[in-house]
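As written, the chain order gives the labels A, B, C and D, with residue 1 at the start of each chain.
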Amino acid sequence: MIDNLIHAALLLFLPPLLLGVINKTKSWFGGRNGPRALQPYYDIAKLLRKGFVLSDTTTWIFRFGPAVTLATVILAGFLIPFGRFDAPVAFTGDLILFAYLFGLARFFTTAAALDTGSAFEGMGAAREATFAVLSEPALFFAFLTLAKLSGSLTLTKMLHSSMEAFSPETAAPLVLIVLGLFVVLLAETCRIPVDDPNTHLELTMIHEVMVLDHGGPLLGIILYASSIKMFVLGAVVINVISPFNTGSTAIDWAVFVSQMLALAVVIGVLESIMARLRMRRVPYLLVSALLLCGSGFLLLVR
Amino acid sequence: MSSIVLVLIAIGVLAAGGIPACLQSSRSSAGQKISTALTIIGGGTGLYALVLSFGESTHATISEPWFLPFGRFAVAIDPLSVVFLALVFVVPVLGSIYGLGYWKQAEHPKNGQKLGFFYGLLAGSMGLVSIARDGVLFLIAWEIMALAAFFAATVEEENPEVRYAGWVYLIATHIGTLCLFAMFALWERGTGSFALEAAVSGTVPAAGAIFVLAVIGFGFKAGLMPLHVWLPGAHANAPSHVSAVMSGVMLKMGIYGILRMTSLLPVTAPWWGGTLLAVGAITGLAGIAFAIGQTDLKRLLAYSSIENIGVITMGIGLALLGRGAGRWEWILLGLGGALFHVWNHGLFKSLLFLNSGSIIHAVGTRNIEELGGLSKKLPTTAALFLIGAVAISALPPLNGFASEWLLYLGLFDTLGLDGKTALGGAAIAVPALAMIGALAVACFVKLFATVFLGASRSERIEHAHESGPAMLFPMIFLAGVCATIGFFPSLVLLPIENAVRVWAAPLSQQTTLGSLVSFNWVSTLGIVLVIMLGLIFTLLRFLAATRSNRAHGTWDCGYARPTNRMQYTGTSFVQSIVDLFFFILWPKRGKDTVRGVFPERAEFKTSVPDAVLDRLALPVFKLAERYAPNIRFFQQGQTHFYILYVFIITIVLLGIGAMGVNP
Amino acid sequence: MMAYLLILLPLAAAALALAIPSNRLRPWLLPPIAATHTVLLGIVLARPELAKVSEELVLDPMGKVVLASISVLFLLCSFYSVGYLKYRDERSNRVFVACLLAFLGLISLVAWSHHLGLMWVAIEGTTLVSAPLIYFKHSKLSIEATWKYLLVGSVGIALALLGTFFLAYSSMRNGMEATLALSDLLARGPSLSKRWLHASFILLLVGYGTKMGLAPMHTWKPDAYGEAPGVVGAILAGGVTSGAFLALTRAYQICVASGEGAFSSRLLMFMGLFSIAVAGLFMIGQKDFKRMLAYSSVEHMGILALGLGIGGPALFATVLHVVTNSMTKGALFLSAGNIHRSFASKNTDTVSGAIRRLPLSGSIFLAGFLAITGSPPFGPFISEFGILNGAFSSGHFLAAGLFLFFLLVVFIGMGRTVLKVTQGEVPENLAETSYKDDFLMAAPTLAFLLIALILGLYIPEPARQLLADAAALLENRL
Amino acid sequence: MIHVLNALLVIVLVMNLFTLGTSRILSVIRIVGTQGAVIGIIPLLMHEHLTIPSVVASAAAIILKSIVIPNIMVKALRDAEIKREIEPLIGFLPSILLGAAATAVSLLISNRMAMTEAHAATLIIATAIATVFIGFIILTTRVKALSQVLGYLMLENGIYIFSLLLVEAIPLVVEMGMLLDLFVSIFVISIITNHINQAFASMDTRNLSSLKE
């Protein structure tokens, strides 16, 4: 019970910190001082305090988009185990629900983007939709592998047993799908090399250009939701590779949080040392992620 | 009265539904009202009979010798029939109600009665198909269905496009029927009778051939790739409520046929299931990929029907694999998912087709690139369409997800979890299904957004109007059912599970769907999701109430004079995906003619024609048409030659005859 | 007694027709005679003892089936002809009516005769009396058609005569007298000289095949059917062909009786499939819808030959197909005639939207197309499916496969033309013609279609029994 | 007896070749007529004791084939105002050779096919088949309508020759019926040829090729 409460608390309050950490790392790499790590919380608060500026082209769908996004990512968050602790909600086949919740979110974010009738947002939506076509199968290849490893169809078991089932012959598949999952993570959360969250007008943006017309509270919700999304997907990756289980609750939670922060740092480092890919190249990256996961699976069941 | 008799009565009433209108004057709407009333009565009776059939311990059966040299009049209801009858008794009824507003007799004096008549015939014959238990009876019902559909879909045959679509359909369905002729002939040869009952002797000779012929023959009707050629054109050009019935129910008759035959054939070779699984996956992927490329509202929906048929077929394939390997879970999840999806697709695809009817009714075009911002004019239709779109994208918490979920679980199970035997190859279908899902989302976002969101791309929608109650009610009903099933899938598990048990009778085990999948969680989470949405919305509302808000034009990124035409079109929205799948789609692309620093007026065309029909079948037919007439030389009008032929054939026959005899 | 009535009554009526002066009254002679013929035949069917007059004049089940279908066909056509001749009042119909009646008498003789020589005489007679029918329009084209019909037909029929003689000669074994009486030939079956039997069967196949219109002896058919009035087309396609087929079945019987069934089957199946294929190829892109019907007739003669060749399980359906085909052909030819009259053209370039201009005839034409291509619930479906089923159950998979494929070709070729004719708008620039569907010409057409439909849903027990007997007879199991 | 029979049959064969050789239609008519007469006589020679039916039959045959039909043809010929078969599809010499070949073939066949010694000795089967062949040759190579009719007549003659083997099989009624048919057919055909001549102002059947695909 208490674990579930912690789970909820982390899910709801920790994510923006990750954004902060990433930015901190990047600015540190850039030799700047940069905003403090808690800056995202202030941004969201500020945005929620602003008034609405709505395009008169838009309909209720435009406001519905962010709401759905937020609701779905939170729901998804409850399906993912954090660290060695079981997810609050776990049942056979929850992995599919998990993936399709993101699908639901995508449906409405893209719809909301197109609702503005602006060409730029259209582009962003188009790219979002396209890349999902490649990242979804990759994700499911990963799931297949994990299911095979764990012999179970609940995320909790699948993600936990990956390390327990670790052995010379499972090593290679695991490495492959972890790499694949990481790319999916970057793509889904719109980080470099797929996307650049810093710029807003670059016509080569995906996510950021979709929300071009959202402002005030809506933008705040979107910011919040996307940070949670990153947190949740991050948790997936971490879970696959984290072997730690000390047995003491407190330590394990601490371990988990530190791992998440470490992940944020890694992302930050990546973004500082890498350039964003040309938009035409992104599909190749995702295809390679697909191949990574796919070959991981084939290695396992061959 | 036993359920089977009631069902027969219901079918009769449905089939005769259109006749009253034909007796009235060609402009009187009274006849149409009576017909609809009859249809409602028929549907109601049928549904009541289905409920009744649950109570009956044995399957209600009638088997009488009849007045034809072959076969008997044999009909029966078993749970498998029930699943399909349910669709037959619901969708056509709603469509008929919809027709009251959509195809007013007074507005269509020329073809209204014809449409009504064949619409009823179509509905009735589909009912007969799903209870026929004798090959000949089945064939008769089947062909009546096919022809009724042809006439119902081509009521506007003064339009050449409609004629062409009808012609393609006619050829396709005829090829299918001929395959079925061969199939039933083989079946009779193998089992000694046309009766569609499980072969008494454990084996049927040439079972493989029968299976293949069934898949091809029924596949033409169901629309398996590459046998789908007739489907887009016919659905696009038919009146929308006919499209709804065709896509929602008639395609499923093809599925039913495959299921019926596979359930009768005793031993299934392992390759059967594999084939269907692969065919299903290909059909699904290709279907949705083509759907994405379309700009014609109804063609797009038609292709998405192909995709869903593919998904259903994957389920059947999995079930066959299960029968081959004796794995009840695979059968239960695979076929359960398939049958569940048969229902769901029947519901939301009918909803979407009726919806498209309302759109066409309002704006008078099927080309979505001329639309946009329609939700301001047709708010209710838009909301209903959204429900349909989310449902067909298999997104939670609506019904599409529930059925695909079963299928996913079944496919995952082929990994051989917790130590059971595995079937590695089958699991490849999982990512395929995932990709289908992602594509479906993109496809229906495109459709919904291009039609309803943004700003209008042409002045067509100026005078657009919301549909009347007669058209809205059926859509609301369907949407309601979609939502209900989506939130509480466990409500409908029982009939499906019974059907599965009938299909795989010998292998049937205790394990129930309920025990394999926890739909309660889906229900709960669905409700939670709705509550959360409510909370967030109230929060937003509260914020909106307490802040100073402004309305403003969409930000144009500093461009001075944006126009509606500058919006992202549906085509451009999916361009990157189409490029991604160019190897299946072969899109037609014009050259972009922008040249120089100050380019002239330039234009660029791109479209996705049907690869099989326009690039394969048609050229072949063209060739045949060009070269077949060469044989006419022999009929060149000279009597001398004619007599020479007589002479020659005599000699030839003497030769052939001589070959046989030994002197 | 009955036999003579059935044969001589129409012939006498023909003579009477020649005598009647009034061009307007003369056609009214047809319906009563036809009706009487049908009634008398009904009596014969009801009372088997009437069906045998002498060794030479017997109406066996096969004859009954053929004659019954022809009698019904003729009855309906006789009403139609009254209407048609009223419409074409400017021409003298003296010869036309006389020949129609004479035809009825002669074809009855064909059905009755159990003496092959007699049968040949009768069939040759039908050829001759149907020539003036084709020639009715007196146009250049109709002359040409008639000439081809006569010449090709006579040559073919002459070969049939030679075949008949060969048959007789083959029976001259071990000191026995030559004979042409069917019963004797069947009795002597095994002792017939194989060599001459083979030769004679081939000649009979070619000869009577020419009358049936099996490819490649079908060349006269499109011309004759194209130029003759629709009603004549119906009688030729439904009547003459059936008579010739009956003659062919006699030869088949004898082959079976002499244990040469395999030999005849091989040839029949070859000719059948060849005819279906040729018909299909010629139907593709056929613009003249009456010629198209002619090829359809070729196709169905091919189907009959195929069914006969398959034998055994397919025979019942084959016999049934004789009936279903002639009924459906009646509907098709009569409706085609109406459309032709109303549009004053039989070319799909100028004819379209027939359903709009002639709702009834147009619809019947379309329905008839579906029927003849074997769509349920029409009669031909039962018979064609039965033949196919027979092919499968007797293991002729290749033949069955080819049969199906050719059926598809035919469907595509025929459907294209029929849909062009029936669907769409009537071309604006088309002249109005005086013809509208009137009772005398529309009702028989509809009646044919209804019969074809009923045969697909309900075959009364006595009829089924009769067909079964005929099928049994073909293999001398009766 | 059999020698006389064979002699007559040889005459028939020669007549066949002659018809192939000549271009004067009138003479062809005459030859075919005479042929009919010769064939008509044969049954009277074959049977020692003459029965009434056979006499009647052959009498009728002779009258029809050597008098009635030739007259009809000659009349038609006069109406048509043509004398010769100008350009046959195959020249006269080649068609003679063809005819000779056909005759040879039929001789070979007949010897293999004959069933009794008696029949093997006579030339009946050979002549019959040869005449049929040559009838076909004329039908397929001559372009004038009348010539084709004559070809048809020769065909009939050949068949009739064969029927000499089996008089018993053919009752008088049937025989008469056959002759009647022959008569009517020639009658009808000549009417048609007459119409052809009026409609097309020629007997050339190559004009009759407007009905085709």
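Going forward, contacts are C-beta pairs under 8 Å (C-beta built on N, C-alpha and C of every residue); 3 or more make two chains touch, one makes a residue touch a chain.
This one's a predicted model, so the numbers in the text were calculated from it and none came from an experiment.
Common neighbours of chain B and chain D under the contact definition above: C.
A summary of chain positions shows that the Cα centroid lying nearest the centre of all protein Cα atoms is that of chain B. Highest C-beta contact pair count among chain pairs: A-B. Between the CA-based centres of chain A and chain B the separation comes to 36 Å, rounded to the whole angstrom. With centres taken as mean Cα positions, chain D sits 100 Å from chain A.
The distance from the centre of chain B to the centre of chain C, each centre being the mean of the chain's C-alpha atoms, comes to 43 Å. Between chain C and chain D the centroid-to-centroid distance comes to 31 Å (mean Cα coordinates, whole Å).
In chain C, the positions touching at least two other chains are 147-148, 151, 155, 195, 199, 222, 282.
In chain B, the positions touching at least two other chains are 629, 632, 635, 639, 641, 643.
Among the residues of chain A, none is in touch with two or more other chains. Touching chain pairs in this entry, ordered by label, are A-B, B-C, B-D, C-D. On the chain D side of its complex with chain C, the touching residues are 113, 115-116, 132, 136, 139, 145, 148, 152, 155-156, 158-159, 162-163, 165-166, 168-171, 173-174, 177-178, 180-181, 184-185, 188-189, 192-193, 195-196, 199-200, 205, 208-211, 213.
Interface residues of chain B, counted against chain C in their complex, comprise 67-70, 136, 139-140, 142-144, 147, 154, 157-158, 160, 163, 166-167, 170-171, 174-175, 177-178, 181-182, 184-186, 188-189, 624-625, 628-629, 631-632, 634-635, 639, 641-643, 645-646, 648-650, 653-654, 656-658, 660-661. Partner chain B is touched in their complex by these residues of chain D: 89, 136, 139-141, 143, 148, 205-206, 208-213. Within the complex formed with chain B, the chain C residues making contact are 147-148, 151-152, 155-156, 159, 194-195, 198-199, 201-203, 205-206, 210, 216-217, 219-220, 222, 262-263, 266-267, 270-271, 278, 281-282, 284-285, 316-317, 320, 370, 373, 375-377, 381-382, 385-386, 388-389, 391-393, 400-401, 404, 407-408, 411-412, 415-416, 419, 423-425, 456-461, 464, 467.
Looking at the complex, you find that chain B touches chain A at residues 372-373, 375-376, 386, 389-390, 393-396, 401, 405, 408-409, 412, 415, 417-419, 422, 424, 427, 430-435, 437-439, 441-442, 444-446, 448-450, 452-455, 516-518, 521-522, 525, 528-529, 532-533, 536-537, 540, 543-544, 547-557, 562, 564, 566-568, 572-577, 580.
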